[in-house]
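Worksheet: the structure to be examined is printed underneath.
Chain nomenclature is as follows: A, B and C, assigned in order of appearance, with residue numbering initiated at 1 for each chain independently.
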Amino acid sequence: MEETLFTVNNVWMMICTALVFLMHLGFSLLEIGLTRQKNTINILFKNVFIICIGLVLYALVGFNLMYPGSFIAGIIPDYFVDLFGLSMPENGLTAGYADGGYTYWTDFLFQGMFAATAATIVSGAVAERIKLGAFMIFTIIYVGLVYPIVGSWKWGAGWLDSLGFYDFAGSTLVHSVGGWAALVAVWLLGARIGKFKKDGSVGAIPGHNMPFATAGVFILWLGWFGFNGGSVLSAAPGATSLVLVTTCIAAASGGLGAFLVSLFKYKQYDLSMFLNGVLGGLVGITAGADLMSVTDAILIGFIAGALIVLGVALIDKLKLDDPVGAIAVHLICGIWGTLAVGIFGDLAGWAQLGYQAVGIFAIGATCLISAYAIIKTLKSTVGIRVSKEEEQEGLDIHEHGMDAYPDFRLNQH
Amino acid sequence: MEETLFTVNNVWMMICTALVFLMHLGFSLLEIGLTRQKNTINILFKNVFIICIGLVLYALVGFNLMYPGSFIAGIIPDYFVDLFGLSMPENGLTAGYADGGYTYWTDFLFQGMFAATAATIVSGAVAERIKLGAFMIFTIIYVGLVYPIVGSWKWGAGWLDSLGFYDFAGSTLVHSVGGWAALVAVWLLGARIGKFKKDGSVGAIPGHNMPFATAGVFILWLGWFGFNGGSVLSAAPGATSLVLVTTCIAAASGGLGAFLVSLFKYKQYDLSMFLNGVLGGLVGITAGADLMSVTDAILIGFIAGALIVLGVALIDKLKLDDPVGAIAVHLICGIWGTLAVGIFGDLAGWAQLGYQAVGIFAIGATCLISAYAIIKTLKSTVGIRVSKEEEQEGLDIHEHGMDAYPDFRLNQH
Amino acid sequence: MEETLFTVNNVWMMICTALVFLMHLGFSLLEIGLTRQKNTINILFKNVFIICIGLVLYALVGFNLMYPGSFIAGIIPDYFVDLFGLSMPENGLTAGYADGGYTYWTDFLFQGMFAATAATIVSGAVAERIKLGAFMIFTIIYVGLVYPIVGSWKWGAGWLDSLGFYDFAGSTLVHSVGGWAALVAVWLLGARIGKFKKDGSVGAIPGHNMPFATAGVFILWLGWFGFNGGSVLSAAPGATSLVLVTTCIAAASGGLGAFLVSLFKYKQYDLSMFLNGVLGGLVGITAGADLMSVTDAILIGFIAGALIVLGVALIDKLKLDDPVGAIAVHLICGIWGTLAVGIFGDLAGWAQLGYQAVGIFAIGATCLISAYAIIKTLKSTVGIRVSKEEEQEGLDIHEHGMDAYPDFRLNQH
């Protein structure tokens, strides 16, 4: 490959890396915006921790786990070979590496930014009641081991890839991986005090800062330019520009879908639903962003948006307490987007739909079991839930000795 | 054109697209920052709606309207031909399209992000009192029809383009198009309760969150790297880098102009004026960002900044209530920037000044009439203004059943 | 050089320029987040002023000062030659300029964004008590003269460059230059009322908005992709991608270092320390980001993070009041990062360590003396500190007649 084209590709991938990095700010703002002020420091702390430990772990372990030089039967990567330390291939800085799409370093950093995302998804769902230490241990194991192992099945050219399973940028491999863990964690943690009342009604616990939540969604949408655009793994003009179009159209359509369905269902212009609808559309298009037409993207996004409204209601009905709607956004729309590859676009067909279902099932089962094993172990050892007193007074003051907004007069609830 | 250069151009244009997208976050933060907390959800909802509906509409209608295959006498694009659905030209993904500047998809997305901007400008001016439904209908018609039709006169190679009218990135075609509608809407809506008192004095209604307003302006400035930088329509090094320099210098100089004039006039270091001065400088340079020297940019920006201070005072004197200063920023500085093309830089001259005036007048008249027709019709049918009670208690609680900051104790006013 | 490669390089540098620009938003949010709400407008005003005046001054004076056509003995650039106005070299827009790395305009804008940073660093340290006018005069002189003159010693191919001093992206040339001035300013200003009590204890003055502080750090980290990535001065794939990796790894490791050391020392999960640790890691890697391995970056970052915790304690012990920790971040970690070039990575060795020490000493002495001369002169003429009443009631209401959050009920302290 020509040196200049390699340089262009690498520039695009570095920019996409930066945009995926910025998603961690987006998640931070979304999560604090949709929860109470008394837990703000705690959520911010977790999010800063995730990106920091995520990158360092990915350098020490994850990258070699996920894209291994060798496999044991294509299922468990041979991670005893390259563990601890990055080993650059000889052509790591030339156009010979990764078909001239980027350098070894860009590859590592782009993938590292992705890895940390899975833990961030969980962070929102368990907010306002999880012990910080337990969450940090969970993050280390889940981001350090589970994410790269299941990721290797597809993106590391493992058995799901051989089968024909398709997941362009990670509706399943990133979003559902986070979503399944969120489901398990929310179930094992139990609901926040006051969420489900004795009379069976659901107590609304409104988020404390809707501008932050909105800014978070805009920043996440921007980040998705890199998340999906970078998953082309080069700057190929046709593919990258199509991906940006389907991504943005699905986001827009997802927002409109959630807005209209919630208006119809609840007779209210619900900003939270609108915002989560945008995210649902983004997660939904992610598995097949490179395969869809504009019309497909409109439909996939719109259905994702509708699923958000129905999903949030369903999760409430199941007495699961997900403060930010992470399960609806990342798990439900992640599954929807993965299935959509078999329904719409270039690969549509019954066979493909079957491969997609196999992938969803295999990765879902693995994530459920792993997450359960990790979180259950934590629960019966160090404990995963803060004390009742701490939950009521806020994690900020108890775990961090700080108040996020000390100059403002606050309503405690 | 060489494939690699085409790839570079397309990368640059995709990045610029992302930056223009981010302007919608900038506008959101600016608008909520400069208004009261009780209307925050409403403004955020409008801004999320605008980008979502804007993109979907632009896919369904706008793009083909604005860059039509054929014209009826070069004035009204033949929009019955390609309506509903994007029809990609055969060379849409190769360097044959758009002189190798970008792909068809990038073209669509970049222009789509622009389109939504016009409605956003209006959003700020009508804040705190417009009915959400009326605003949404207005947005759909104005972004879906008026913006692309007048845009086609210049950027669709229509009659203003043939005449010699110059508007590099849209001082008139985007900013004034929004600004004229803002003027009409503000006039038909009337002032917010408490803005103009019976004794003739002006009641200040301070914005509720100046950090958001400031962050909004920084993000808008960043977005302008893409707005103007992308309007080169390729990554041509000389042109793009000059455009970024004139853009940034005009922004800086606009801020300083507004700061100094307001210090001189009001003896105060006024942050709102400083911020709007930056925006005024940005709008002012937009029509001729590719034609100016650094010295020209300093002068254009400085004058734009001064016009902000004088314009805001004038609009107050006319008893027009524009909560965020959108008319001064987008209309007055949009006109100034368009005229500046005839006064400074490579095209300066009496003839050019005449073409610029024709463009301003033609587009101004069309926008005024269209906006008046749409908003007046809405006013006499569904109504455009919320009830007195709703205005006083806030649109958030009435239209959205939500509070933007439920954990904080608030002053109602 | 090939035209297309030149175009790619220029695209990368323009993006980096945009990212460095955005750091000014990052600094703004960090500084207001870590200080009290009553001084928010003042801090925002200063930061908007800095980028505006910084760019205009850099166009009028600084750029020619820093990268002069000729030198007087290689020490003082011959700034009487090209003063006032940019003089573009003949090859300014072709691949002949700057080895095809970028155009003259991009060069100017990238460097201009850097220049303003030095003053921003000072802004945080002197927050909540400095007179706005005095700060503005200081900024004009320091950014307009001191920064470009010492910068020219290395980046203008001056005597430190000839000596062998290495500072890739400005641990010393940008961060310490700001840090030394912060040190002098903090000393001459004295502590805020209530910071150091009569009994010798330190009174904590908590920041008023930790989400803003956190968002600021994320945005600064993003900005560092451009700050360090752009300092390659081209898009060379190997160098740029390595630089992004070392930068991000050092940031992550710096955060973890500060988190762990502060947990060990104070038994608390301290978000402020975590955030400043990230910044310390970023400043620490800046001098040698292109020379380090991943392991080096982890170590450099971790030590920088530890230095943040120790540095903040030391500065408190010295009765210096630095509200945002700017001296620890920019001066201490700037020195550390500059020394680290002699300890880790490709240039490590005693000789290099010596050159680094000479650079630190020479620039430190010059900055200390210049900053002292400027600020002392201001102190004994216009005065540098606001009145006791103004400090207690807040600079916002006194200097700006505005309140940053008028709709919220506030605790005054």
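Criterion: a residue touches a chain if its C-beta (ideal position, glycine included) is under 8 Å from a C-beta of that chain, and two chains touch if they have at least 3 such contacts.
These are the chains along with the protein names UniProt gives them: A, B, C = Ammonium transporter.
The structure presented is a predicted model; accordingly, all values stated were derived computationally and were not measured.
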item	value
Degree value of the rotation bringing chain B (Ammonium transporter) onto chain C (Ammonium transporter), based on Cα positions, nearest 5	120
Same vs different contact residues, chain A (Ammonium transporter) with chain C (Ammonium transporter), by half of numbers used	different
Distance from chain C (Ammonium transporter) to chain A (Ammonium transporter) - Cα centre to Cα centre, in angstrom	33
Junction residues of chain C (Ammonium transporter) - those touching two or more other chains	4, 8, 11, 15, 209, 405, 408-409
Contact set on chain B (Ammonium transporter) toward chain C (Ammonium transporter) in their complex	2, 4-5, 8-9, 11-12, 15, 19, 36-38, 206-211, 214-215, 217-219, 221-222, 225, 229, 235-238, 240-242, 244-245, 248-249, 251-253, 255-256, 259, 268-272, 274-275, 278, 294-295, 298, 405, 408-411, 413
Chain B (Ammonium transporter) - residues contacting chain A (Ammonium transporter), complex	3-4, 6-8, 10-11, 14-15, 17-18, 21-22, 24-25, 28-29, 32, 40-41, 44-45, 47-49, 51-56, 59, 85-86, 93, 102-106, 108-109, 112, 132, 209, 212, 399-409
